[in-house]
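Here come two complexes built around chain A, the first alongside chain B, the second alongside chain C.
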Partner chain A sequence: MRRVAVVGAGMTLFRHRMLETGKEMAFEASRQALDSAGLERKDVDSVVLGSAPDAFDGVHMKGEYLTDGAGAFNKPYTRVYVGGGTGVFIPIAAWWQVASGMADIVLAVGEEKMSPLQPHPQYAFWSIFDHTLERPLGVTLLWIFALEMRRYMHAYSVSEEDIALVAVKNKGNAMDHPAAQLPARITVEDVLKSEPICWPVKRLDVSPTSDGAAAVILASEDVARKITDDPVWITGVGWNVDTTYWTNRELAYPEYLEKAARMAYKMAGVENPRREIDVAEVYDPFDYKELHHMEGLLLAGKGEAPKLTKEGVTGKDGDLPVNPSGGLLGVGNPIAAAGMMKVAEIFWQLRGEAGRRQVKKPAKRGLAQAWGDLMQVGTVVVMER
Partner chain B sequence: MGMTDNTFPGTPIQPDEWKGNRYFFKEAEFPLRYSWDSGIAISRFLQGLKEGRILGTKCFRCKRTLVPPRAFCERCFRQADEWVQVKDTGKVNTYSVSYVNSDASRRSEPLIVAVIEIDGASPGMGFLHVIRKIEPSEVHVGTKVHAVWKGASERVGSILDISHFEVY
Partner chain C sequence: MHMKSREAAIVAAGCSGPLAISPHLSYKEMTFEAARRAYSQVSIDPRKDVDSFIACEEDLVEGTSITDEYAPDQMGGAQRSVCTVTQDGINALAQAYMQIVAGIAQIAVIESHVKMSNVRNKELLYNMAMDPYIEREFLGDGLPLAALEMRRYMHAYSVSEEDIALVAVKNKGNGLTNPRATFAGAYTTDEAMNSKEIWSPLRSVYVSKPADGAVVLVLAGRDRARQLTDSPVWIEGVGWFSDTSYIALRDLEVANYARGAARMAYRMAGIENPAKWAQFAEVDDTLAHKELQHLEALGIFEPGEAAEVTKKGETARNGSFPVNLSGGSLAEGDLGDTGALLRTLEAFEIIRGGRFERGIVQSWRGLPSASGSVMVLGE
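This part shows the complex of A and B:
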């Protein structure tokens, strides 16, 4: 397999609603990524795009609809989709093409326009549930998060206060992200007193719905070295899916994520993730998910992520900064674009280009992770400078 | 160019602008109707519910009793071997108190939803349902519940043939 580098990144603002169409947002992010690497569309051998359910846009064949915005016509083009895990699966699918020698330069684009669906984008998630056994109960996506959060709290005696600290940290980190949708200085009390939606999930435990796009460019080693003297290498990739029978699984621990992480760590030669990962962008559509995912990623022992958070280890200046971007809770959650934003953030962090968000610790190796579907998909990339 | 440039493209629309006439929007609905097949396993499960019974399937290789039942054991990847009746009691694996409907609008009354591990199924196996007739503060992980069935004449072969679960 060939070595694969990230050589450029770009993104749009993340906002509740944007005037730009999905196609226009994909263009803006792609154009910025190309500019950052000094490349043009003609230099791109292949395009990989990710976007979540077509139901948000009300546009079927969304991959094809977005073709022009991703600079993909007359090129090998692939749309990938693994629910919320899509954002980090896009660079994995792009990595296959470069590592295998099929392409030297791949443009990887994540796009999401959730705002068109009325009265609320949330409604589209109804159709991810079993049509015969679950939908008749009036299910909402929030239920599975609330059920998983409650199970996690029970298994490891985690409090709502412990979990709220993540929302406080990430929304605070987002104050320094110029594309962020919900940056805020809040307190644990604000989170605890916010409106209950599906207890234990409260308003401030949740990321918003968003419009946005993000893109990165992957290149083979020899090509990357011509483009930049500061490439960031993708040294490990991993992905895994658990059974759809989610009411038969132990929800307190994401075993599928551990499998995805071990796959990526093995490839990257990481033996002790807690010591060897310098900065992590962990999927945080809800605050408890950051803790849950840190444990699945073996960045903390089972039930121990709240302690690391409380001790400030995961803060921007801590020993293991987690979500210095501000994460989905702070920057926003345009699903496939949100995962790509995390990959872009690790790229910028490792290059020392994260501006006021730059972590204090010298960062040589980072990780981006996303998660999705019925609490069953884990996607992981390890990146190194 | 890195993040230090602080320039990210995009044209946010504020809610007041959206409701006004500043921008053009095209609105439409396309209601889609479906008729879903229940499948080999769930058809029989629904027949059981109509008869007031909860059914599972057994895999003789891994010895699990599968609820919801499936035609095949996804772990051993072979046909399930036999149908069994399990109990209509169980315990709460996890629960939530929902204040919203599926379109994110507020419910008039909160609803307790739970994953219920069914007695007689393998440990940790169960399905999603609702719990009624109890204060949310009195529900816990591990709370014992039983199915409350609709009357025989009202049962149609649906997950809603179980009206709800109650604590006992």
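This part shows the complex of A and C:
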């Protein structure tokens, strides 16, 4: 297995409605990533792209449509897909292309343009449900996440206030992110008083719908050392998908994520993640998900993540900074691009290039994670300087 | 490219269908059937023995957004490493090969299924694959593009319609001995050339018909493959490639995507002369002229030569270089991205059956794409 490094990263603004087409956004993120590494399209051996439902754009075979924007024409090109987990899975697929020796330089691009779907991008999610058993109920994603949030609160006696602290932290962190869509200084009271969408989920518990793209460049060890003096190594990758039948699962704990994390930790030689991970970008489309995922990632014991949050451990200056970027709650949630933004953030954090978002703790090893499908997929990347 | 060849082999292959319609089976049941057939050949338990599962599917064909979430259960992948690749099946197989070489899997499963009979409005489906700003208005369901391309190919290389009809006649005829070939038939060239005109010069017999089916392949690393079977079929080389998605910028007479994918696969396999190295090919023939175009892009024949070679019978069942012995998509049906795995399964069975030792498999993602893959298989 060859060592693989991240050598460049870039992203567009995340906004509710970008005027750029999906191709243009993919171009902008890819161009930035190439520029940051001093590379041109001709240097790229292969392109891996991720994007979530085709229904957002209303384009069948969306991967083919985005080929030109992602710089993939006249190249080996692959679109990978694990729902909301796609953003962190793109660099995993790029990793095996380099680790196997197939490519020396791979451009990994995440793109999402949710705004074309009218009247609201949520309509794409109606058709994610089982056509026979669930669609007739008119169920929405928010309903099932409300069920999961409620189950998590009940199982571990977690209050709405505990969960709201995550939204306060992340939207606050996003104040320092130049691409952020919803940065804000808010209070726990603001979250609790915000409009209930599907109790216990309230408006400020949820990330927005967004347009955006992000990209990173992966290179083999010998090539990476020529490109930069400061490569960030991908030392662990893991992914796991649970059964489609979410109704048969214990929703209080994401077992599939623990399995994905253990796969990545084993590869990276991490035995005690709570002690050995310096900074984490944990998937937070809802504030309770950050807590839920910290536990699945073994960064906190079951039901312990709210306590760590309350004690400030997960703050930017804490012992285990979580989502210093501002996460999906603050930066925005263009699905595949959002996960990729997290990988880019860990790259910038480990290189000390995160500006005002830079965590206080010296960061040598970081983690990015995403989640999706019917609450069933976990994708994890461990990165080290 | 530093990736070695023969680091993994196909050790089992199973399929369900293809069928023109399949009201008696859900897509999950089809996949389950294909998976059971594949797993039973090498006595593996997917829940314990398989390290990685890769599915191939597209949202709008399935009628489900984020359709990858429905991939795991029917192939035994729940709570294991499962992902979806929205490309053709050979591209997915290439990803599995790289996982094995990278050391994160020893056994990988590649799955693809399609139920085209569930798609109510196929014209709209293909139309939605066009660029929404420029092309969608003009190119309908993609068949006008196919006709333009066929005309351009005929013009560039002085190929007659009869030459192209011969491909359809050959492949539909080959399918007569293949129990999977739902659309096989004993056609004459005249019958083919008098079939219904769709868009001139494209006729109905030149276009493969939509079908339902599922294919599951099991890929294993070098040592594991030898433990599982006495007759692994080795991956000598694999490549995948995309041309521009802007239709107006493509050279319609050549299949650039196949040329790029072949170059990559041959480099990995160390092949300089594919026509000499390989003994047979299973290539994409979802449109009859595509077989000729693909054979040329693969470097098996010179540009413009494939029609003449076909006319001489060299690509026929008993010719010097048989192409689509299975009958191809023209006889088995158009299975979209699943077709790549069906072509692979056919080549796997041909090599296992002992008639040939080395073959080339090629796939195309179908209209209106310009993406495809190539795989080189050896005994």
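Keep in mind that, in the parts below, the second predicted complex is superposed on the first by the 385 of 385 C-alpha atoms of A that agree within 3 Å, B and C clash if a C-alpha of one lies under 4 Å from a C-alpha of the other, contacts with A are read in each partner's own complex, and residues count from 1 in each chain.
Basically, a residue touches a chain if its C-beta (ideal position, glycine included) is under 8 Å from a C-beta of that chain, and two chains touch if they have at least 3 such contacts.
Everything numeric in this text was worked out from a predicted model, so none of it was measured.
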Touching partner for A:Met263 - first (chain B), second (chain C), both, neither: second
Which of chain B and chain C A:Met25 touches, first, second, both or neither: first
Partner chain in contact with A:Thr243 - chain B first, chain C second, else both or neither: both
Contacts of A:Thr309 with chain B and chain C, given as first, second, both or neither: neither
Which superposed partner A:Arg357 touches (first chain B, second chain C, both, neither): first
Partner chain(s) touched by A:His131 [first = chain B, second = chain C, both, neither]: both
First, second, both or neither for A:Gly58, with chain B first and chain C second: both
First, second, both or neither for A:Ser210, with chain B first and chain C second: neither
First (chain B), second (chain C), both or neither touched by A:Trp348: first
Shared chain A surface residues [contacts with chain B and with chain C]: 58, 131, 243, 245
Touch list for chain B against partner chain A, complex: 1-4, 6-13, 15, 18, 23, 27-28, 30, 34, 36, 38, 42, 46, 66-68, 70, 74, 93-105, 110-111, 113-115, 124-130, 136, 141, 158-160
Touching residues (chain side chain A, partner chain B) in the complex: 11-13, 15-20, 25, 28, 32, 35-36, 58, 118-120, 122-123, 126, 131-134, 136-140, 142-143, 146-148, 150-151, 154, 178-179, 195-201, 212, 243, 245, 247-251, 348, 351, 353-355, 357
Contacting residues of chain A [partner chain C, same complex]: 1-2, 21, 45, 52-55, 57-68, 72-84, 89, 93, 95-97, 99-104, 124-125, 127-128, 130-131, 237-245, 255-256, 259-260, 263, 267, 372-374, 376-377
Footprint of chain A on chain C - complex, ascending: 1-4, 58-61, 63-66, 68-73, 77-87, 91, 95, 97-99, 101-104, 125-126, 128-129, 131-133, 239-246, 256, 260-261, 264, 365, 369-371
